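Structures are listed in the sections that come next.
First chain A sits with chain B, and in the next complex the same chain sits with chain C.
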Partner chain A sequence: MFGKRRQKKQDRSQNQSSGQAKTQLTFEQLMEKCRASKDFVSFTKSDKHPFTISYYKSMVNPELVHKDLIPYLTSCSSLSLKELSQEIPVENIEHTSDVQTIMDSVLTGSVIVQSRPGKKDCLLIPAATAEKRQISVPETEFSVVGPKEAFIETLEVNINMVRKRLPIPELHVKEVTVGKLSKTRVVILYIDGIVNMENVNTLKQRISDIEYDHILDSTYILQMISDDQYSPFPQLINTERPDRVAAVLSEGKVAVLVDGSPSALTGPTTLVEFFSAFEDYFLSWHIASVFRMIRLFGVLFSVLSTPLYVAVLTFHYEMIPTDLLGTLIASRSGIPFPPIVEAIILELSIELLREAGARLPSKVGQTIGIVGGIVIGTAAVQAGLTSNVLLIIVALAALASFTTPVYQMSNTIRLIRFPFLIFAQFWGMLGVAICSAFILGHMLRLTSLGRPYLAPLFPLRITDLKDALFRLPFNRQSLRPMQMRPADPVRFNSQRGKQKNDIEE
Partner chain B sequence: MPKSNLMTAAILLFLAGCTPQKQVLEDIQLIGVVGYDYVDGNKIQATVSVPTTEGGSDQAVLSSTTYSARSHTSKNIRQVLQAESPKPFASGRVSVIIFNEELASRGITKIIDSLQRDPSVGRNIYLAVAKGSTKDMLSKDYPVGEIVPAYLKQMIEQNMKLTFPRANFHHFNYSYYGKGSDSFMPLLDTKHGHIRIVGVALFDHSKYVDHISFEDSFIFKLMYQSFRQGSHEFKLGKDNYLTLENLSSHVNYDIYNANTNPKINITIHVRGKVNDAAGTPLYQGKTIEMIEKTIKKQTEHDAEKMVDRFQKKGIDPLGLGDRARSSARRFNFKEWNQKYPNIPVHVKANIEVTQGGIVE
Partner chain C sequence: MNLQPKENRLVSPYFAFYLIHTMQVGVGVLGFQRYIAKSAGHDAWMAVITGGILIHLLVWMSYRMLKNSDGDLVAVHEDIAGKAIGGVLSTLFTVYSGFLALTVLRTYIEVIQVWMFPHINTWGISLILLGVVYYFVSGGFRIVTAIGFFSFILGTPLIFLKYFAVKDSHIYNILPLFDHSVTDYFVATKTMTLNYLGFEMLLLYYPFIKHPEKSEKWSQWGVFFSILLYLITAVESFAYYSQGQLKHTIWATLTLWKIVELPFVERFEYIGISIWLFVVLPNICIAVWCVTRGFKRVYSIKQKHTLIPVLILIFAGTLFFKDRQEIDLLNSLVSKAGYYIIFFYIPLLFVLHWLVLKVRRKQNA
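== the complex of A and B ==
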């Protein structure tokens, strides 16, 4: 039943989009279709010159057409198409009569040159224009020190930014086109000889298996190729830093770039990698390790603090430290709501603030933050709607959730707080424990491109711990992470890495 | 998957009622201190002190109030108390339990039994005996900047760090239910508008029989446990007193022939610092020796006198019987109890004065 329905749908889509049509179009039919658009031009310069030129005005670089193409066509009017292709100073000229190829390339900005209208074979001269924005500073993964380049929406520029950092022929770039309508170019990057080809093949197969009509960003791909699409945890890292991509490629990971997306995907990844900011590598290892642990503590605090507040106040009054008891009773007295309602109201208002701040231009967003944080917060306490203790806890928890360097993960962290809250309301600390068990069990089963998600911790890989919860100095990082099963696990000679060839010695 | 779904469904269906009971912090009355008074015959009166707040959440003031009721059993008193309280009582935060002197001397078995059955009552709470009515003690206001429950708890707690031997509910239970030892607890009294510890109340099993003064509690503690801190005043000569601050003390029991002809040697090592010795020239080597000797003599004398007093009363707060049991095989408590009053106990004190302050 389902099979039939799917079949029907496919038929309909085939009829709608000519691109999928198995029934071959003739060249004339193609031209007919293209002419339906206003921006398609097809002309013959003059009767003296036999060549007919056709292209989408909006897709080609007019300068190239005017300066490099038309002069040649007019001056070499006596040549055949084959000879012409050798004359024109543009590379990758294709000489074909296959209508499908012609259609694909004219739609991506090639110019069709026919020797005479009506003849089937033609030249395809790539003349695509690429409007691109300036390379800018990374915004979601900003770092104080270190490079300040971020990916932009143009694939070539993005590949350039990676290749610039890894100028080796082993950096392979494989392209796959996905999306029935968008025909998005998706590129897989890896370093041959370091990467485990199993990872590359998994990724390649998953990307080429994508069934969707439009792919507009790498986050589409991220969700579609995740091992478990129903999990709230992101299973690939989404980064806008080319330096981070270069670094993980050299660890033996695989990166995916999507045309039109200013962020790359890298994988296979582990949970702890989501809490390592790339800036960690720019700071000395002690500082980086401490910051990383602060971030991990921040996550735990952010997820557990409000649920624990609710659990303790609702069920376990015995657990409150004696010195805090007076303060808590005092701050709770006169509040009309039970702790859970109070907590949910505050959590939701924080989420509201965040959402409002994110949807507004940055200057207004700051005002929203101040208005929400200070005005509403103090007013709520003074009005006796919430206790000031909870206000502090919720604000700190929200702050802690923003320390996570990967945006997708910080969203997840804010989300999984709510099931914890509900469990805490029903079963107190027992509920928090049960919910933790569920989440932990879920994470244990998660994989990223088939590799365990909790990896250096479970299964325990002691050598990988050097760059997990903390970061050891660079001379201790002589081995690539075992997690990726790299083809070449050795980064550098550890003996020589530890040597110090000072002049005194 | 279907199996686990079935399990989940079964759990939800059959265990839906198995959830912990909600006790929201502000909807209950947290009992801080309970005081038990003797009324007559079987009847006892219980007074509970609970913290309360006034004012809104922003500028709430914490104070304490008391409720009291009379009944035959301590749990029934709870019911009677409930009748006059705005919120239900919860006993999970009880920090001090006080018995009135008269009640204690008639035995506290019933109350102890019900307390130690109650899982919500902690084991690190303090028990105490009060001179006079506990109701009066708890319902007064004390200008100490703390509400009564916190005041009592902190007062006992900090004294147990200093000169008072440690004695919480756990220790009480150990010596109460264990053989070869008797329990003790602080003896409280209200004086000059404050509550103070006036001594160590000594129990013969469940009955309060005797007490030693607060001044002597240091000597008792020296024999009872090894500890740091605390200070004691010794008489050096005529009209000449000095204070020894304990830096670290260590006690050792040597029990010989526990089963046949017992003999006990208690050795106390004290390293201390002379704190307050106006008029005594500490810089002379001999003076220090003299001080050490005097303190040693006094300590040994006081300690032996104290043990002798315990033996005469037939009580064993030092747990000598328990210590003897641990040093002998097939220990016979019956014989021990018969011999106990006449066992020779020698106390040997080694006093070491390590410093006398910063002025040489």
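== the complex of A and C ==
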């Protein structure tokens, strides 16, 4: 059986190589192909110096061509490409006759210079235009204090933002190209000597194994290299903050940047890391710890509150204390629906509001939030369609789900609420417990780059708890997390950190 | 047959604590008080201690035996009785594990039927619970251990619910001490040891513990913690109920939960029973895992191939035992089997294994 499968794989790879062989064209054929596009130009500037230059107008910087190329072509004393390459004030000029190289570089913004039309060898002068957006404030991971830079769509700028924060030669950048059509450049960043090379190799292997035609964002990569692609839980962190990337790199994690994507991936990660905002490190540790606890509580509340409401009101109404019962009866008398229908209607309308708010321009989005939240909510209660107790619960649950700092995770939390609702309707409180057991089992089975997802809770790693559910002060963080099995686990000398002076010293 | 599982499948020695402890605490805690009080009355809490000490001893024996055989129960059986008879004995033990799982599951379903949903069908709830079990067991021993760990984290806080009963208890209820004859204590101890059943699964998962010899300390602590838990529950129940009341209270612990009153929730037993799912889950999962592992060791059948048939058999079993009497019968039968296994079979095995190894060493020398 396995032999057969291997056979098939071989067949496929043979097909691929034969497909590649077809692209081996001659220089003339390449030019022919390129000329089919309107933005490809090819011309000879003067008769005296019959250099032919060809390039994609849309890909090169016109200023560079006008100022640093054409004047040298016309003034050059010799007709040899070698001498010409010495005269042109541009670095990394390539002299080649390999058609594949020529094709790759002309498509990424190089200018081809031939000494005369028929000749095979040519100069490749890099003249790519680098149009880029301004570096802006992080939007999904905004922080009140601390740096306010976010990644942009240009890979070089993103790498620069990371390297600026870690100016050491040990910060290695490895590049892989993926995507049959998009030829996306994907780089893997890690700090040599701290990182466990196993993690780097796993990541590199998985990225180079990707077979897809277009890779347009890092989230594509995120989904394709996840350990379990069928899981609703994200298994790598997607961040737009260069400072966060620098911090996790120094913990021994690996980061991935994708050209054209304003967010980086970091891993291996754990579930608790999704609930730590980077701002936690900018605030004093007491405050940060409390906020983390609040966020975790928020998640539990967000997932469990509506299902528990359904479970209690459908099956276990004996559980409600007498004093509370009056309030509940007052708000629910006259509601024509059973709790589950009521809950699903409200949950869905909150999801509608969120989706509408996310798709609309920000100004209109705010209005939608207000209109939806206040007007529809009040109207629904007054019309007697839903109870205001449930409205409060659902609104709070939605609010709580947005406290999760990583967007992917907050989506997951909102999604897993629905199976809980269904289980609560079928088996009440027990159903909620059964559904929790399934989710727990699922999370136990998940791994992130082969490292357990629920660590440091399971397997229990006491030393890693210092920066998990709460954050201890920096002088307690002398060891890097064990989760990544870093090559160098010591951050700083904890003995010096703990030294205490006598009263009068 | 590979005896030693792969390195990345092993669990750290300290997990022996959770494995032993969670396996001993199951549905028994919810209603063991009545049974031990039957013979020794208000003195029965002492039986909890004496029974526990015997279990410490048995765990010690098991460890000596397993250390010398460098494997599990199947290897011990082969050492003593050879491949064929050893295989039969191992199969019997495996079947016993399966019945242990069935008993726990059926009793938990009964609790649900009595306390939460009086009209719920056995087959539906049995199916969904076995679904959960399948999901955990198919994840391997590490996942099974993990549910044991989380069971401890989620289940242990329930002990604080005793606080609500303390206010209405009369500690003088358990006085005077030593009010019963020695035979009474003996019978109560015997009944109590049945609640400690489950630790014997150690005989099968022993090779899955990393540096298993280091785990003995943790196993003993696990037993100790179980004793503590049972002791607190027993003393509290004897102080709260009169002996007359206790006779008619089948689920004494559950009834204690009923008096919990918080400003936002009453009738805490609904929450308690739901959380109790996490306490019984490791019982069922570990036992089912042991069944599949046993079959793999004896007959070399892949675990994933036995898992589904075993679960189907357990499912059929839950349908077979219908009412209180039948479930009680199942409980007492499995308890009896467990009693003979831990008090006669394990010591016998211990002595025989010791003798066999001694004779063999002499022959080799």
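Here is the rule we use: the second predicted complex is superposed on the first by the 474 of 505 C-alpha atoms of A that agree within 3 Å, B and C clash if a C-alpha of one lies under 4 Å from a C-alpha of the other, contacts with A are read in each partner's own complex, and residues count from 1 in each chain.
One rule holds for everything that comes next: a residue touches a chain if its C-beta (ideal position, glycine included) is under 8 Å from a C-beta of that chain, and two chains touch if they have at least 3 such contacts.
Keep in mind that what you see is a predicted model, and the values were worked out from it rather than measured.
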Partners on chain A (chain B, chain C) - clash or fit: clash
Partner chain in contact with A:330 - chain B first, chain C second, else both or neither: first
First (chain B), second (chain C), both or neither touched by A:338: first
Chain B versus chain C as contact partner of A:320, first or second or both or neither: both
Which of chain B and chain C A:137 touches, first, second, both or neither: neither
Touching partner for A:430 - first (chain B), second (chain C), both, neither: both
First (chain B), second (chain C), both or neither touched by A:440: second
Chain B and chain C contact sites that coincide on chain A, given as residue numbers: 315, 318, 320, 427-428, 430
Complex contacts: residues of chain C adjacent to chain A: 11-12, 112, 116-117, 120, 125, 128-129, 132, 135-136, 139, 143, 146-147, 149-150, 261-268, 270-271, 273-275, 277-278, 281
Residues of chain A defined as touching chain C within the complex: 315-316, 318-321, 324, 427-430, 432-434, 437-438, 440-442, 444-445, 454, 458-460
Partner chain B, residues of chain A touching it in the complex: 313-315, 317-318, 320, 322, 325-326, 328-335, 338-339, 381-382, 384, 387-388, 426-428, 430
Residue ranges of chain B in contact with chain A within the complex: 19-26, 28, 30, 51, 53, 55-58, 60-62, 90, 92-93, 95, 120, 122, 147, 150, 153
